[in-house]
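Both of the next two complexes hold chain A, though its partner changes from chain B to chain C.
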Partner chain A sequence: MWLPVLGLLIGLLLGFMSDLRIPPEYTSYLSIAVLAALDTLFGGIRAQLQKTFDDRVFVSGFFFNILLAAGLAFLGVHLGVDLYLAAIFAFGVRLFNNIAVIRRLLLTKGSENQQAERN
Partner chain B sequence: MKVRGKHAIYSLILLVTGFMIAFSYQYTKEERKQPTNDQWKREDQLRSSILSIQRENRNLQRELEAAQKKVSEMEEEIADKEKRSFNFVEEIKKLRKVVGQVAVEGQGISVSLEDSSYIPDTENPNDYIVHEEHIRMVIHELYVTGAEAVAINGQRISNTTHIDCVGPVVSVDGVKHPAPFVITAIGDPEVFSNSLNLTGNITDQLVNDGVQVRIQKETSIEIPPFIAKEG
Partner chain C sequence: MKRRFKFFIMTMIVGFMLAVQFHTNQEPIVRDTRDIWELRNDLESQKTIQQKLFAEIYKYEQLIDEYSKSGTGGQLETLEETLADLKNDAGLTEIGGHGVELTIEPLLNDEELVGKPAISIHPELLRRLINELNGYGAEEISIDGERIISTTPIREVNGKTYINDEPISPLPIKVKVLSRDSDKLHKEMLTSQSGEDFARENLLLSPKQVDHVSLPPYSHQIRVKFMKEKGET
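For the complex of A and B:
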């Protein structure tokens, strides 16, 4: 259980330590990748709570979403259409959806626990 | 074993996520910090460009001043040249008058020389007619007293004119003139008549040689330009 938390901490540390420079025109790729990663993470958490979690779906979704988002942004840049906005919109909506579902699941779970305790 | 593998995968995914989030955060922070930096740099750049433009302007102004100075110098030179050429033109006009290339008009004098109407039978008639030397004498006297233009019977005399005796007539530049000869000259008529009438001077000598002389002051004489009559 501690291993993933350790990985998160190491990742954060690496991100803060690294002084990589990316050109300003690639910032949209970065933001979209972050969004995709968060979306997939929350999607995973929701699936876990709904007990439909499949680690293959989770892992493949994680990387595939990031790549797809980046590819969409790339295409948008080259077509002159701001396609990354579409990706941001889609991921944002899904993120909120996932968080809402997680919240509701947690609430119902909490109330069930309370009922169980009461019973 | 299976659980561990899952955990490894999750940790990898979380590592990537954490890395991206942290990186993005840091990047955004730097970017937010950059504008001021950029602004400062930009200000500096603009200031230096203004300075360089000002320097350029100063140089150009100096160039302009130099060019203006050059132009004024050239103008002065041209004016000087014009003055000089004006002087040249005046001189040329004067010289042309003397040489006889232009028509001249003005007050002057006309001297008419005529053969003597009375020739004694015992004398040589040659001594009683007008000779070319008489004409020459008159012309020389007129030139000496400041004649601007001289003509014989309306034919302009120039510096190359030759006056010859050809039997009973006088040839002026190849054009034969019979007596009487009217010599016109432009200049001050008073001076001409005074000098011609000096005791023992031209008039006396001519009269002595038996030539009838008539001197008349004219208010307006026109003398045509000299045209070479000989080929």
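For the complex of A and C:
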């Protein structure tokens, strides 16, 4: 459980230490990529809790979603349509769904544990 | 274990992306890189502004003093004085003094070229001339007997140039400029950019220093759009 948190911290630290900045015109791509990555991450946690986790699905989903979101944003910029809104909407909905499912799974797990203790 | 390691890598990437995004959105800190001389210059200019403001405050305080001290007759007098001052500032009075007179005439006066259309002065040329004159310290300007005030329109209607909604007369026309240092203004105008611009339009702009120029008052109504009368206090 602590390993992913440690990874997050190391990533944050690396990001802050590197003093890397992205040109302002590319910030929308990065933000959408962050959203896609978060979505995949929560999807992975949910799959883990539901015991349907698959490495290949997770890793491919992670990179594929990021690339798809950035590509959609790129296409939107060139077509003059705000296509990145579609990606934000889709990922936002999925993020909320995933978190809701994780919460319910954790709650049922907790109540099961309590039941087991009483018995 | 392998699965956990993958999670670790993923979260690290997410963290990195988050940090970069955060960094990018953060405004870079703008450092003050002025050296001591620049700072001194800035201080000097601020002090000049302060002095000007103080002088203005002093002027108005004196005015208030005059209002409050003198009786009704005196108050009326002061009011009339202020009104006259304001009219003077707005350009509603005739004014005269040392100045420069610029004549605009055709550059090449080819009398044999009969049938050439009359040359008109483009409004943009006049605007540039006024800007340049103001840049060289002109105080009051009149073009072809029309006083230039802060709201004077100069525009082209059906191929004719209008100043203060009056068409300008055929060439040559005179531009009268009042200045505190008319000698300097005259010298500046001898080598001005406007001279070049006029020459490009086949017009000659010749400045002449005169002891006394007389500028007519602005003869139209000044419309005040964005001010309201203050009620009784």
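Here is the rule we go by: the second predicted complex is superposed on the first by the 113 of 119 C-alpha atoms of A that agree within 3 Å, B and C clash if a C-alpha of one lies under 4 Å from a C-alpha of the other, contacts with A are read in each partner's own complex, and residues count from 1 in each chain.
Here is the rule we use: contacts are C-beta pairs under 8 Å (C-beta built on N, C-alpha and C of every residue); 3 or more make two chains touch, one makes a residue touch a chain.
Please read all numbers here as calculations on a predicted model, not as lab measurements.
Asks: With the two complexes overlaid on their shared chain, look at chain A and say whether chain B and chain C clash or fit.
Replies: In the arrangement built by aligning on chain A, the partners chain C and chain B clash.
Asks: Touch test for A:L41: chain B only (first), chain C only (second), both, or neither?
Replies: Both: A:L41 reaches chain B and chain C.
Asks: Which of the two partners, first being chain B and second being chain C, lies in contact with A:F53: first, second, both, or neither?
Replies: Only chain C; A:F53 stays clear of chain B.
Asks: Could you say whether A:A116 touches chain B, chain C, both of them, or neither, answering first, second, both or neither?
Replies: In the superposition, A:A116 contacts neither chain B nor chain C.
Asks: Does chain B (first) or chain C (second) touch A:G7, or do both, or does neither?
Replies: Both chain B and chain C are touched by A:G7.
Asks: When the two structures are overlaid on chain A, which partner does A:L79 contact: first (chain B), second (chain C), both, or neither?
Replies: neither
Asks: Of all the chain A residues, which ones make contact with chain B and with chain C?
Replies: 3-16, 18, 20, 22, 27, 30-31, 33-34, 37-38, 41, 55, 58-59, 62
Asks: Chain C touches which residues of chain A in the complex?
Replies: The touching residues are 3-16, 18-22, 24, 27, 30-31, 33-34, 37-38, 40-41, 44, 53, 55, 58-59, 62.
Asks: Enumerate the contact residues on chain A facing chain B in the complex.
Replies: Chain A reaches chain B through residues 1, 3-16, 18, 20, 22, 27, 30-31, 33-34, 37-38, 41, 55, 58-59, 62.
Asks: If we count contacts the way the header does, which residues on chain C are in touch with chain A in the complex?
Replies: Those residues of chain C that touch chain A are 2-25.
Asks: Quick one: in the complex, what on chain B touches chain A?
Replies: Counting only chain B, the residues touching chain A are 6-27, 31.
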